[in-house]
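Please read the structure below before turning to the comments.
The chains carry the letters A, B and C, assigned in the order they are written, with residues numbered from 1 in each.
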Amino acid sequence: MHTLGEIAKLVNAELVGDGELKITSLASIDCAKSDQLSYVVSEKYREQLSSTQASAVIISKSLQKFCNTNALIVDDVYLAFAQITHLFKHKVTHTNGIHASANTNNATVAPNCCIGKQVSIGTDTTIGANTVIEDNTTIGANCTIGSNISILQGTIIGNNVVVESGAVIGSEGFGNARDKYKRWHSIAHLGNVVIGDDVNIGANTAIDRGTLENTYINRGVRLDNLVHIAHNVTIGEDTAIAACTGIAGSTRIGKRCMIGGMVGVVGHLNICDDVVVNAKSTVDKNITISGVYTGIMPLMPHKKWQIVGVWLTKLDKITQYLNIKLTHLKGK
Amino acid sequence: MHTLGEIAKLVNAELVGDGELKITSLASIDCAKSDQLSYVVSEKYREQLSSTQASAVIISKSLQKFCNTNALIVDDVYLAFAQITHLFKHKVTHTNGIHASANTNNATVAPNCCIGKQVSIGTDTTIGANTVIEDNTTIGANCTIGSNISILQGTIIGNNVVVESGAVIGSEGFGNARDKYKRWHSIAHLGNVVIGDDVNIGANTAIDRGTLENTYINRGVRLDNLVHIAHNVTIGEDTAIAACTGIAGSTRIGKRCMIGGMVGVVGHLNICDDVVVNAKSTVDKNITISGVYTGIMPLMPHKKWQIVGVWLTKLDKITQYLNIKLTHLKGK
Amino acid sequence: MHTLGEIAKLVNAELVGDGELKITSLASIDCAKSDQLSYVVSEKYREQLSSTQASAVIISKSLQKFCNTNALIVDDVYLAFAQITHLFKHKVTHTNGIHASANTNNATVAPNCCIGKQVSIGTDTTIGANTVIEDNTTIGANCTIGSNISILQGTIIGNNVVVESGAVIGSEGFGNARDKYKRWHSIAHLGNVVIGDDVNIGANTAIDRGTLENTYINRGVRLDNLVHIAHNVTIGEDTAIAACTGIAGSTRIGKRCMIGGMVGVVGHLNICDDVVVNAKSTVDKNITISGVYTGIMPLMPHKKWQIVGVWLTKLDKITQYLNIKLTHLKGK
C-alpha cells in the first residue's frame, strides 16, 4: 500500500488531487475500482477515463480535461506505469522444504522440492523432485507435477492437471516501456496464471503471468513441449497447441481449436472457436470464421527454390509489367 | 497385469472371448505377441487384424468379422485405447539421493540429484547438480550429464553421451484421443527413449517417450538447444539437428542428415539419408532423394513485403486472368 | 598447459618446430598471442597466417609456405582443432551448497542451490531455489536470478540483471567437425558468456558460450522466453528479442533492434543498429540499413492456400511462359 503522493514522487509526476490517498493496487482502466490506480495512454480511451471507478489515473497533460478523479500527470504515461508496477510486486520468499503454512494434504512431495508460504496442494497430487512452488500457489487434486518445474507465486491450478518436467509457470511477461533514450524499463507483472481442470502442459513449456489481470489456460487444454504462452493470453477450453508454438501477448484463442506445431500467433488477436491452424503457420490477423488455415511456403528442392525465390520478390513488378491491376482480378 | 474382463469393464466394451485372460501389456497390431492387447482403428488394417499374434484386440463392431482372437468391441477404438493405456503406466517412485538398488559404479553424482530404483550408470560418467534420473534408467560409460536435467523412467542412454543442462528426456508424448464432446483424453505413453552412443543433446531440449514402442536417437546424433523430438520419432545415425527445430510424432529421419534451425517436420514422414534441410524450412512431405531442400520466404524490406504479399495471395487469380493453365507450363 | 609435442601426438600431426613449446590456450588467428595455438582452414586467411602472433598453428600441408611459426600439419585442420579443444576444457567441479571460496556478500541464496568455486555474487542479489552456479562465475549486484537455472562455469553477469526460471547460460555451442566417415566430433567451447548490466533473460532461454572468444549480451538487452542464442553471438545494447527466436552462431545484432517472436537469424550475419524484424521472419542476409523487415507468408484459408501454393511453386515457369525476363522488370 502506497500513498498517491509517494507514487507521484517516484515518477516525478504532477499530482492533481489527494496525495494522502491510499492506493492498494493497479488495474486497467476498464476494471479499476476504488483505491486502485490506473493509466490511460491515448485519447482513444477518453470515455473509459471519464467514467473510470479508479481512485486515480496516470495520464498526460492533454488528457487531463477528460479526467474526473485524482491524477498523476506525466510526460510518458507507459514509462511511469512501468516504474510504478514494481512498487506493488509481491516479494518472493524462499522456503527450505515445505513451509509450515502450506497445506499439502496427502500429496506426495518428492525430495528437494521447495513449497512456499500458504501453498495449497490437493489430495492425491504428486510433485516431482527438485520442483519449486512459490508462495500463495494453489494446486488442485489428482495432479501430476513433474520434476525440475518452477511454479511461481500466486499460480492457480485446477484438478487432474499434468505438468511435464522443466515447465515454468508464472514467469514475468515480456512487457517493457522504452524511454526517450530507447532504453527498456521492465513492467513488473502483477497478474497470475490460472489453469483450469484437466489441462496438460508439456516439457520445458513457459507460461507468463498477466500484467494486471491473469493469463488463462482453460479446462481441458493441451499444451505440447516448448510452447510459449505470453502474458494476458487466454486459451479456450479443449484447445490443443502443438510443440514449439508461441502465442504472443493478450491474444485470445477460442475453444476446441487445434494449433499446429511451430505456429506463431501475434499479439492482441482474437481466434474464434473451432479453428485449425496448420503447423508452421503465421497467424497475423484475427480469425472470425471456423475452419482450417495455413500460412507457409511449400517445400521444394533448394535449386528450384533459388529460381522461384527470385520471382517471388518480383511479383509486384511482374504484375506491373503485365499491367495487371487488382481490379482486373475482381471476381476471378 | 489385468484381466481382459477388468479392461472391458473400464471402457464399457462388449467382451467377446475369455474375460479371465491375463493381459501383460499393450502393443501395436504388427508387433503384438501372446498375452498382449492391441487395437485397430480402421479397415485399412484388416489383414494385420486377421493375422495378429495379440491375445486380444480393441475394435469396432464393423471389424469383428476380421478378428480371430479375443475382442473388446467399442464405439470409439482410439478413445478406449487411450483410457486403457493408463492401466499399464509404470508408477514413478521418488528417491532422496541415490536409491539403494541403483548401481552408479564410480560415476560422479553431484549434490541434490535423485537417482531412482534400479538405475545403472556406467563408469566415469558425471551427473550434474539437481538432475533427476527416474527408475529403471540406464546410462552408459563416460557420459556428461549436466544440471537441472530430468531423465524419466526407463530411458536407455549409451556411452560417451553429452546432455546439456535443462534437457528433458522421456516426457509424455502429445497423443490424445478426442471424445464426442471434443474433449481430449491423454494417452499414457508406455514406450521409452533409447539413445545410442556418442550422442549430444542440447540445453532445454525435450525428447518424448514412445507410445507403445520407443523413440530412438541413434549413434552419433547431434541435437542443438531447444529442439523438440516427439513420440516414436527415429533420428538416424550421425544426423545433426540445429536449434529450435521440431520433429513431429512417428517421423523417421535418415542417417547423416543436416536439419537447420527452426525447421518444422510434420508427423509420420520419412526423410531419407543424406538430406540437408535449410534453416526455417517446413517439411510437409516425404523426402526420398538425397539433396538440399528449402521452404522459406525471402527476407525483404517491410514496405516491399506489403506490396509483394498482396500479389502472393492473388497468384491463382493472376494466372486465371492470364488464362494460364498448368498444362501451359508443362516442360517449361 | 600442454607441450606442442603432446598436442601433435594427440592428432597425429606432423610437428614443424619446437615440440617442447608450452601452449597455454587456443585462440583465433586474428586474436592469438604468444604461447597460444591457433588454426587456419583455408588459403583465404593466408595473410593472417603469415602475420599471426600465435606461437603455433594447425594447418594443412598446402598452407605451410605461408607459415612463419611452429606448425602442426594435418589433413583435416578443423577436425584436429575440434579434438585439441578438449585438452583445454576447464573441468567442472560439483559443490554441495556454497563453496568456501565463493563470495556471496549479502546475497540471498535459496535452498538447494549449488554455488561453485571462486563464484562472486554482488550485494542485494537473489538466487532462486535449485539453481546451479558453476565455478568462476561472477554475478553483479541487485540481480534477480530465478529457480531451476543453470549458470555454467566462467559466466560473467553485470548488475541489475533478471534471469527467469529454467534458463541455461553457458551451455556448449553447437560446433562439430565432421570426419571422412561423416561422423561428428564436438568442439569443446572454451569461451564464456558475458552479460552486461540491466539485461533481462526469459524463462527456459538458452545461451551458448563462445568457442574461443565469448558470447556477448550487452547492456539493456531484453530476451523473452525460449530464445536460443548460439556461440559467439553478440547482441547489441538495448536490443529486444521476442520469444522462440533463434540467433545462429557468430551473428552480430546491433543496438536498439527489435526482433519479433519466432524469428530465425542464420549464422555469421551482421544486423545493423535500429532494425525491426517482424515476427516469424527468416533473416538470411546481412541488414545494413535500419528499417522494418519481414520475411513471411500471409495467412489464408487452407483451401485458398492449396490453390495459391501450386502457383507459387510454378512462378519461374509462369514468367518463362510469359517470356518475362528480369531485365523486363528493371525500374518497374
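Heads up, the rule we're going with is that a residue touches a chain if its C-beta (ideal position, glycine included) is under 8 Å from a C-beta of that chain, and two chains touch if they have at least 3 such contacts.
Quantities reported herein were computed from a predicted structural model and do not represent experimental measurements.
Taking shared numbers over all numbers used, the subunit A to subunit B interface scores under half, which places it in the different class.
Per the C-alpha superposition, subunit A sits rotated 120 degrees relative to subunit C, a value rounded to a multiple of 5. Subunit A and subunit B have centres, each the mean of its CA atoms, that are 29 Å apart. Each of the following residues of subunit B touches two or more other chains: 112, 130, 148, 166, 204, 226, 244, 262, 296-298, 300, 312, 315, 318, 322.
Interface of subunit A with subunit C (complex): residues 92, 94-97, 112, 114, 130, 132, 148-150, 152, 166-168, 171-172, 174, 176, 182-184, 186, 204-206, 208, 226, 228, 230, 244, 246, 248, 262, 264, 266, 276, 278, 281-285, 291-298, 300, 304, 307-308, 310-312, 314-318, 320-322.
Per the touch definition, subunit B reaches subunit C in the complex via residues 108, 110-112, 126, 128-130, 146-148, 162, 164-166, 198, 200, 202-204, 220, 222, 224-226, 238, 240, 242-244, 256, 261-262, 279-280, 296-303, 305, 309, 312-313, 315-316, 318-319, 322, 324, 326, 328-329, 332.
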